[in-house]
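Letters A, B, C, D and E mark the chains in the order given here, with residues in each chain numbered from 1 onward.
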Amino acid sequence: MTPLYILPLQTAPEVIDRIPSGYSNFVIPFVVGISFMLIWLTVGLFRLMAKIPARDRRRLWKSFFIPKIALKNIRDLFCDCLFHTKIWKRKPLLGYMHSAIAFGWFMLIVLGHLEVALFVPKHLAWTDGGLFYPIFYRFFVWINPGHVSLRGWFFFFLMDFFLLYVLTGVGMAIFKRFRSIVLGMRHTTKPSLADRIALYSLWLIFPLRLLAESFTADLSGGSFLTVPVNMLWHWIFGNNLYFMPVWWAYSICLGLFFAAMPFSRYMHILTEVLWILLRNAGLQPSHPRKGVAEAEIYACSSCGLCLDACPMNVQKKNLKYSSVYFIRFLRRHNEKKINDIADKCLMCDKCHALCPVGVDAPALRRAQRATVNDSLCYDYSYLQNRVPAPEANDIVNVATGISDAPEVMYFAGCMTHLTPRIIKSVEKVFKAASVNYVFADRDGGICCGRPLMLAGKTSAARETISANRKMILDSGCRTLVLSCPICYKIFKDEYNLKGIEVLHYTQYIKRLVEQGRLKLSSCDERLVYHDPCELGRGCGVYEEPRKVLSQVGTLVPAAKEGDESICCGGSLGSLTLDARDRAKITESSLVNLVANNPQTIVTACPLCLMTFSGPALDTVSHNSGEEATDVKVKDFAEVISQRV
Amino acid sequence: MIYEGKQKIWSDYQKDIPDDHYFYVRSCIRQSFFPASEAAFLKITRQELGKDIFETEHHTTCGGIAYHSDTIPQETAMTIIARQFALMAKYGYENYVCSCITSFGLYCETMETWREFPELEAKVRENLWKTCKLEFAKPKVLVHASDLIYKYRNLIAAQAKHKLVNVHTGRPLRAVEHIGCHYSKMFPSKGVGGAEYPYVLVGMIEAWGGEIIDYPERRHCCGFGFRQYLVKGNRGYSLSNTHKKFESMEPYQPDLIITNCPGCPYFLDRWQYVIAESTGKTYGENGHGIPVLTYEEVAGLVLGYDPWDLGLQTHQVGPEPLLDKMGIEYDPARKFLGKDGKDIGRPESCMYLK
Amino acid sequence: MGRLYDLLMKDYRLKEGLNACINCGTCTAICPAAEFYRYDPRKIVDIVQSKDEEEIEKLLKSETIWYCGECMSCVTRCPRKNAPGLIVMALRNLSIELGYFVESEKGRQQCILTKDLCANILDYGYCVYPRRFDYAGHPEAGRVWEWEEKHLDDVFERLGGNLDGGGPGAMRRIPQEDLDELKRIFDETGATERMEKVRAAGLRKAAEMGLTEEEFMQKIYTDSDPKHLNR
Amino acid sequence: MKNNILIIGGGPAGLEAASGLQRLGYNVILIERSSMLGGHLASWDRLFPDGVSARGTLKGLLAQMDGVKCFTDTEVRSINRLEKSYNVILSNGITVLADAVLVASGFDLFKAEKKEEYGYGIYDHVVTNADLEAWFNAGPDSDTRIDKPKRIGFVHCVGSRDEKSGCRSCSKVCCATAVKQACEMKQAFPDAQVYCFYMDLRMFGRHYEDLYLSAQKDYSVRFIRGRVAEVSENVDGSLLVKAEDTVAGKPLKVTLDLLVLMAGMRPSAAGKRVGKLLEMPMEEDGFFAVRDGILAGQRSGLPGVFLAGAATGPKTLPETVAEARAAVVEIDRYLSDIFPNVKNYKTLVRERW
Amino acid sequence: MVDFGFGLVPSSRINLDLFDREKFEALAALEPDVRKCMACGSCAAVCTAGKFVRTSVRDAIEELFNAHPDKALDLLKSCQLCGKCTMVCPRGINTRHLILSIAKIYGTK
């Protein structure tokens, strides 16, 4: 076959191919380093792929050819890997830093190769140093005085420009090590040994590159950055500059960096690519360490954004339980620590929501818990026959069958049964809107299975799910309304109730209001809405409750809202967090809510309601001055029912 | 164990036992299974102690077992008891001596109830008059037959032919005492030595040269439990409770068990047989059981009566090891002979219990 | 106040036996039945003093009240001067009065107990009568009893007994006039009535279970459901 | 000329009242039956809930006694009531003309041997709370009954809440004492297993519940809800203890090396004698009756006779001391009413200003 | 062996001498809260599974103390970890983790 085009192999007139062999000893460190890394990567990649179930692998290949996913891949690769848009959005300075290093370096490499392609194309060939030549291009060629074209100057400029760009990034990175808060991070990760080696060599690479290129700038060309520096050297050292040492140093640093890379956080630079592909293909980790999970944990850049995100970290002692360290120990296969950390987490999903590369640490934690807890003994045989189908008097004429079966089934769930005021309110609202509903678990049903899921007792959870599922499908209702986000999450994700719409009562009440079935009176009460983890980050329900609430009162914002909201501390996610530590979290969560002195805190989760109503409330009230001393905690339904 | 501590308690629980003129009432179970014991008792009180003790053929059961098996109403039992009292009065006695612990307990309970609820006593008087044309007088003193032997234990010791001492080693024999539950558990003050550390049998053993041993389950019931034994389906209860006692006394290696309740010796004796035959376990030395004797039998042996006259052959657990230790001569050949040497065969031997 | 509780309170054994219980458990701690049956006398006393009609009725129909051995060890120890043993007797009495006893396996046993014991008393004046104590029905009585049974007269003669003889002595024949008096006492004080009541209830139950009286008697004499025993 | 006040009983109540009245300038005579002051406090080691030293507390009380005339080994022989005061003849021959009498006769510990089924004085390893305190005081080898126990049991309500031993009421302090001693034993024998047999844990006071919680958490004391029914001795001298675990509803047995009986508070016999001499009203439980449980808790039925401390029922130490102070005020009121023109130090002071 | 038609009956008396202290210490190390229970019964009162089968953390803890781990496991095998008991426990015991820990220590043979 004939190639699309053939490179013009002769050197362009602008440059002198100083060393035709295209080789010099100083490249050895770099070559060794990068070869080691490449071999390591390829082997790793194959091992990883092997661990992924065949079905998933096929799914992955297919995904490349599905336009929608392919496009998403490209967008994510640029936005996440190079521009770090996620970080930009949240912390611009930090975003700049990351993108400067990532994108800047990427451009240096690309441009380097372009130059070679344009001026000494034959050296792109592996045999002629293709592996390293483009990296050290400036060393191997001298400009041909008098022949330098605009094209050349343009490249000189670009190269210097991006080098400067990177250097500013590196500068910030170094600064961040010492004063992270300025870049908006209260806590930063403690680097491991490999991290340090890679980190310091990374810091050195670009200053050394500047050094090296500036030493040769008068011979091999340069621009606004390298040329002046070159003059400086001449002014200091006189005419003939001995430039070998700096190129050696530069090569050594590169070599070191690549050699350390596989063992350091910088692995993420490359793994991230794979992770994005897997993620977008919709693959889920089946094991906390193998296959997809491996890509995921190596995609973590240990940037430490999750440290500040984690609500547990109101107490410094809890830092060690943050996702970044969980993933680090997963890499190191430190079982004891892995389990401790996995069990401690509240599963509020905030670290996941804020992660620049979308690493789903909670999912990994759940998988980890499953490895221990799923095998624990249990016996749910009683569920088969014992789950009570809703009582006849609850259903509006069952006799005539599905057709006039109630439109709505209300499932309160375990926690709601501990907060009768929610049940009362919901029923009041339903009656006010004359909703034809059936109360599935009026006199106690069984658990939704979410708590079991969170605890990693997956198969046990499946049993409760199927029991509930049967009961719901038998009832013949078309809409299922839940007052507990914990239930809602699992009913939505795991139950697959064909033909039944699953709604949280905040959503359903909003609908009732929009349909005009529910008339609400307004008042000037200052309300603040707390986003329950499972409802907000868990199911993406942020707007509905706010829309309705803004109709009945003045909605004031909390300090942090939406996917930034702080878990109430009552979460069923944590297995080992004790009451004291939870109280601390509750306090911080409340402090966050009362930032704008609301009169009432409104939540839409029985668990939050109970947690907030506890002793923590007083402490906060007292702390936050006069006007907030009598802040009340109410449930969404409660507030609404008082306004119908 | 601190002996002085017990002595203090014993001194707190002394009861007055009349010196003479007793009206004797038999026990259903004693008569059925240990007729010789009651015979021995009468012989001792009459001949050895020279007391006047009267028995009439007209007295009957007190109905205790039926009452405690919940087959007759309380009023019925009380009226039967009233009838017994009436007989005593009729024959001019006022010291009531009963051979049965269940009866003893029931008499105590009845009189206590009458004290608290006089209307009930009146009702019973009426019943008795209606049915038997009898008037009753409550006994001046109510004692159990073992109380009498206790009272005269030292006199008996004085006439002793044998002591409760191992003639080979010279050591006192180690005796376990078992008191019938209804002796003092309901009314501690009614029993010699009270409910926790009854002295009635301990006193005998000590007086006759033996050494009493106190073991953890001493106070525990023998397991009769009335309906719990009488109905076959319930006998596991009875057996298990006795088993518990034997397991508890085993480490003390007792030489004999002495009892003052009619039923208990039967159960402590027969359940050893059942345990042996159904599990192979025996509690005495080399395959023997622990001999279980009534206090009358022990007294009889001490006074030198012939073991076969005392009816020791009707125990399933052979008394021979004890007799040997006490140095009592006996003729094995005569063990199972009838009156005047009549041959009436002998029981088949057991599989495990010697 | 509840009906059943009032009926119970008529029983002198309850009047004597029940003061306020503090649920301390001393009774259960030393109860011979509590160790081998699903039995807790403390709970029984607690139920009775709760005066909860429903609970009391359940109790009267239950197996529970039939586990007690009436050794009265509980009476010694109760710090509140209760007598759980007497309370159980009162409960049994009422359960029989109301015919509830046949509802439980253990309760049903009253049929055979009443039949045999009352017969012994009325026929002989004794609760236990050796000629009616057969080795076949009492294998635990041992080889020695097997032998005695065969030679009862000789054995009693040898041991100075007076089996069925005139005058006083062990197992003498009690004169007829005395037995007649016993009979009259039975009639007057409700024992006879009780016997008939129990028999009638037994027959009803037997019919219900599709058994003849003999089969029924045999069954209740030997049956023992493992559910009575503690795990 | 000052008023004479006779205080009967040299326990915490007597001492505290004596020093208080002395301060007010009265002429205080305190008599104590035994040879040393301090009552039961003198024989105790540490006090619940904070483990304060009993010795130190007693020292504190004694420190303020100067000026008070104390007669130890002294009892009341006779008391005659005059129209305003009492003529008291003491066993040491002295006669006191007392304008007011304070009866602070305290309590006796229940005689544990009366609970026969527990075998105190019969089994080798059964002791009482008082024995244990004495042992704490005297050191490891002072009591042969306490011999490196591995399994220790505490029985609450011994002689309390028990009609059979003639005391229906609760002795109030035993629960806290038992829990305190349980922890102390665990300190003394760290690898011992400690059980507490209780019917209700009456940890009513401040810090008491904390004591209970720490006993569970830090000393892993096992609390069993059930009254011990029977104790017996095994062949090896260890104890077999039977109770019902009323939470599980099952009979329970355990082998122990040491059993501590929480003997309750009974009215003091000596106190009763004084009560008889005075013909002072006494309640069914044997403790003295007060005129009004709320407003006149320190006044007896008789004029000029006052009461403080455990003489009127079981009390904790703080309550006793508080009552003693209350008695001081009551007596002072009474005397200034009855003897308006007697010049006590206090009244002199009042006149000066 | 002779068959009498009846035999010895198993004893149900709790014998604290059989209490496996080491194993319990292991549990307490995993979840120290186990010591804090005061047997109030709130957990059993609200239990979701308790509506259908006998389930009680309180009784389970008691059974552990009483040397019956098998019964303890039995009382918890129906638990759905819904967390109601944790919410109502007056001593703030982390019942859910306790239940898991009991299964870990005593459940795995």
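Note that in this section a contact is a pair of C-beta atoms (placed from the backbone, for glycine too) under 8 Å apart; a residue touches a chain by one contact, two chains touch by 3 or more.
Everything numeric here is computed off the predicted structure, so don't read it as measured data.
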Chains touching both chain A and chain E: none
Message: So if I look at the partners of chain C and the partners of chain E, which chains show up in both lists?
response: B, D
Least hop count linking chain A to chain C through chains in contact: 2
- request: If we define chain centres by averaging CA atoms, which chain lands farthest from chain E? Would you check?
  value: B
Query: What are the two chains with the top count of C-beta contact pairs?
result: B-C
Task: Please name the chain that ends up farthest from chain A once chain centres are defined by their CA atoms averaged.
output: B
Central chain (distance from its CA mean to the mean of all protein CA atoms): E
Message: From the mean C-alpha coordinate of chain A to that of chain B, what's the distance rounded to whole Å?
response: 86
Message: Taking the mean of the C-alpha atoms as each chain's centre, how many Å separate chain B from chain C?
response: 22
- prompt: How many angstrom lie between the CA centroids of chain B and chain E, rounded to a whole number?
  reply: 46
- request: Round to the nearest whole Å and give the separation of the Cα centres of chain C and chain D.
  value: 50
Task: Pull out every residue in chain E that's touching 2 or more other chains.
output: 2, 4-6, 9, 11-13
- request: Please set out, as single numbers or ranges, the residues of chain A touching at least two other chains.
  value: none
Task: Can you tell me which residues of chain B touch two or more of the remaining chains?
output: 195-196, 219, 232-233, 235-237, 239-240, 244, 274
Task: All pairs of touching chains, please: list them by chain label.
output: A-E, B-C, B-D, B-E, C-D, C-E, D-E
Query: Mind pulling up the chain E residues that touch chain B in the complex?
result: 1-9, 11
Query: For chain B, which residues are in contact with chain D within the complex?
result: 1-2, 4-6, 8-9, 194-197, 214-219, 251-252
- request: Sort out for me which residues of chain E touch chain D in the complex.
  value: 12-17, 19, 21, 28, 32, 35-39, 58-59, 62-63, 65-66, 91
Statement: Listed in rising order, chain B residues that touch chain C in their complex are 26, 28-33, 35-36, 38-39, 55-58, 60-61, 63-66, 68-76, 79-80, 83, 105, 112-113, 116-117, 120, 127-128, 130-132, 181-182, 185-186, 188, 195-196, 219-221, 223-228, 230-241, 244, 269-271, 273-274, 308-309, 311, 313-316, 336-339, 342, 344-350
Message: Which stretch or stretches of chain C touch chain D in the complex?
response: 19, 22-31, 34-35, 40, 42-43, 76-81, 230
